[in-house]
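Before anything else, here is the set of structures, which you'll find just below.
In what follows, chain A forms one complex with chain B and a second complex with chain C.
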Partner chain A sequence: MAPSKPRSKSRNPLLIPGIGKFSRSKMYHKRGIWAIKAKHGGTFPRHDPKPAAPEPASKKPPKFYPADDVKTPVPNRRKPKPAKLRASITPGTVLILLAGRFMGKRVVFLKQLPSGLLLITGPFTVNGVPLRRVNQAYVIATSTKVDISGVNVDKFDDKYFAKDKKKAYKKSESSFFETEKQEKKLPQQKKDDQKAVDTPLIKAIEAVEYLRGYLGTKFTLRSGTKPHELQF
Partner chain B sequence: MPNCPTCSRASSRSTSSAEMVKGREGERVRLYVCGRILGYKRSKSNQYENTSLVQIEGVNTKEEVDWYLGKRMAYIYKAATKKNGTPYRCIWGKVCRPHGNSGVVRAKFKTNLPPKSMGSRVRVFMYPSNI
Partner chain C sequence: MPFKRYVEIGRVALVNYGKEYGRLVVIVDVIDQNRALVDAPDMIRGQINFKRLSLTDIKIDIPRVPKKKTLIEAMETADVKNKWEKSSWGRKLIVQKRRAALNDFDRYKVMVAKIKRGRAIREKLAKLKRENPA
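Showing the complex of A and B:
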């Protein structure tokens, strides 16, 4: 008989963990062992056991047995998906930042990173916002769109924005003071990346009347404006 | 980055307008709606302090409240001792559901609002945004 897939569900429903509904003799009948035996001339078909792998010679009995039986945790098979992008946010959309250092600034959306965060840029020369990641929830998408067909954002991912790990310093007094005075300088590579992204963007922005000024201005609520009535 | 009152989220989400103005020389932006704290959820002789009632400016009907559901709000107050370099402190909360037909809103805060907050301002932010 061809090897078949093992049954997904047991034929013996559990009444209580450890107690099945059917007795051993009933189960023998249900599993059809009698039929298999009859098919193979009175004995259940078996094959010779595989030669056991030689026990590693250095195996010693463990020194330590845990006091209680510890349950092994069920492996976590969950793979978090990146947050679903709102339909109003498409590459090139102008977004309004609602919180953080650049709150109120109008900014251009480039793409969604694998973590779910949005990659945005000011552009830097227009409003001082560099290439940055932002969470969708802290952003309002406007209906204004910028043409970003000339921009290449393939090289940016979450690793690009990871913080540099501080070098582990020896715990001596002199080196402790040294690290405190380390200046944080923006690497030239990041400056070049910013320029590379912004130059085609600015060309597209200049092509539209008032867009540069629009991106340079901040969004603010004024007396009497009700956000629930605003059309973005 | 100016020192901001302790909040449940990252400190970059500042909550004190005075601190913000000091640190930022540019224009001030208001990205929140003002609300008034009316009191606690209550019946005639029982009050439930875990839920506060808030009147958001400009919101006058139950349908208008839909936009604000889930939006975070902050009750900002001053205290005598400085914490994190600032006398401002805040209690974060969020809009839970409408209360009645006229635009009043029920809000739950991280810790219950103190009774002295009744009648005072609350900032209703525009995030988490869904636009």
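Showing the complex of A and C:
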């Protein structure tokens, strides 16, 4: 018989979790095991047992038996989901950074990366913030939105921002005192990516009056301003 | 210095505490020494303590506890809404509300406008000072 799809609904309705309506013998009859047996001459059809893998010849007894039983840890099956994005943050929203090197800067949100972090850009020529990842928790979302339809951010993901692994150098006396000055130059590819993202963005920004100046200015608190009463 | 604004039937007051904060109401009856019955076109008539009211200059002509329709008509003829919005107190409240509702972007634009205005004033003043050394 061709393998059929497993039944979606059980033939034995639950009265209470753990107690079905029908007894074992009733279920035997309902499932038609008697009919299948009759069809196959008195026995229920079975597969031949799979040939067991041959035991490795001369298995030596282990050299060491641990004195105490060690509990094997349960395997971790957790798959963390990316952090839920706040409803106020949509692609094109102007965000205020609250911490880090660019504290106080107003930046444009591009998309949420698979790790949960937000991909942002200044744009770079407006306020010096490059393509960067930022945590949602350290950000205020304003209600100002920039038109982001002309920007393609598909190629950016967390691997793009991974740090280059430092080459392990042999610990010799000479190199210890030399302090190799590794010139950290930004690869041209990253500069091109920045430009590719920023040019359509800047066009959209220039279309709105005062927006470029707004993005270039830092957010500050003044005497008398109460942040909990401010509307963003 | 005598009192000028009296608690009377028809006196328009501003609620300054509680759920109805900021609403303009009309005193339609006095219940006792502390409480008044107030009404407004978009509100259910109810009692309120005088301490929660700030009396305004506006008074309308109504009988004691008028029907809602009568109240609305009386407010229209007295033009309460416009009088309030033109008064300096009313205008201040409107400005306060507008400022509280400003966006972060709006606040930036206000800042830029203030700087421009200040600059224009100072330039003009400097010019006048140069022309008329006193």
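Everything below uses one rule, namely that the second predicted complex is superposed on the first by the 171 of 232 C-alpha atoms of A that agree within 3 Å, B and C clash if a C-alpha of one lies under 4 Å from a C-alpha of the other, contacts with A are read in each partner's own complex, and residues count from 1 in each chain.
The rule is simple: contacts are C-beta pairs under 8 Å (C-beta built on N, C-alpha and C of every residue); 3 or more make two chains touch, one makes a residue touch a chain.
Only a predicted model underlies this, so the values are computations on that prediction, with no experimental measurement involved.
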Query = Who contacts more of chain A, chain B or chain C?
reply = B
Ask   = Just chain B (first), just chain C (second), both, or neither: which does A:G213 touch?
value = second
Ask   = After lining up the shared chain so the two structures overlap, which partner does A:F232 touch, if you call chain B first and chain C second: first, second, both or neither?
value = both
Inquiry  = For A:R86, using the defined touch cut-off, is the partner it touches chain B, chain C, both, or neither? Pick first, second, both or neither.
reply    = first
Request  = Quick one: classify A:R101 as touching chain B (first), chain C (second), both or neither.
outcome  = first
Message = With both complexes superposed on chain A, which partner does A:L15 reach: first (chain B), second (chain C), both or neither?
response = neither
Request  = Applying the touch criterion given at the start, work out whether A:I33 contacts chain B, chain C, both or neither, answering first, second, both or neither.
outcome  = neither
Request  = Have a look at where A:Y138 lands relative to chain B and chain C in the superposition and call it first, second, both or neither.
outcome  = first
Task = Go through chain A and flag every residue that touches chain B in one model and chain C in the other.
result = 219, 229, 232
Inquiry  = Could you list, by residue number, the parts of chain C that touch chain A in their complex?
reply    = 100-105, 108-109, 112
Ask   = What residues of chain B sit close enough to touch chain A in their complex?
value = 1, 12-13, 26-33, 57-59, 64, 66-68, 125-131
Ask   = Can you list the residues on chain A that touch chain B in the complex?
value = 86, 88, 98-101, 103-104, 136-141, 218-222, 224, 226-229, 232
Key: Touch list for chain A against partner chain C, complex   = 94, 96, 106, 142-144, 210-211, 213-214, 217, 219, 229-232
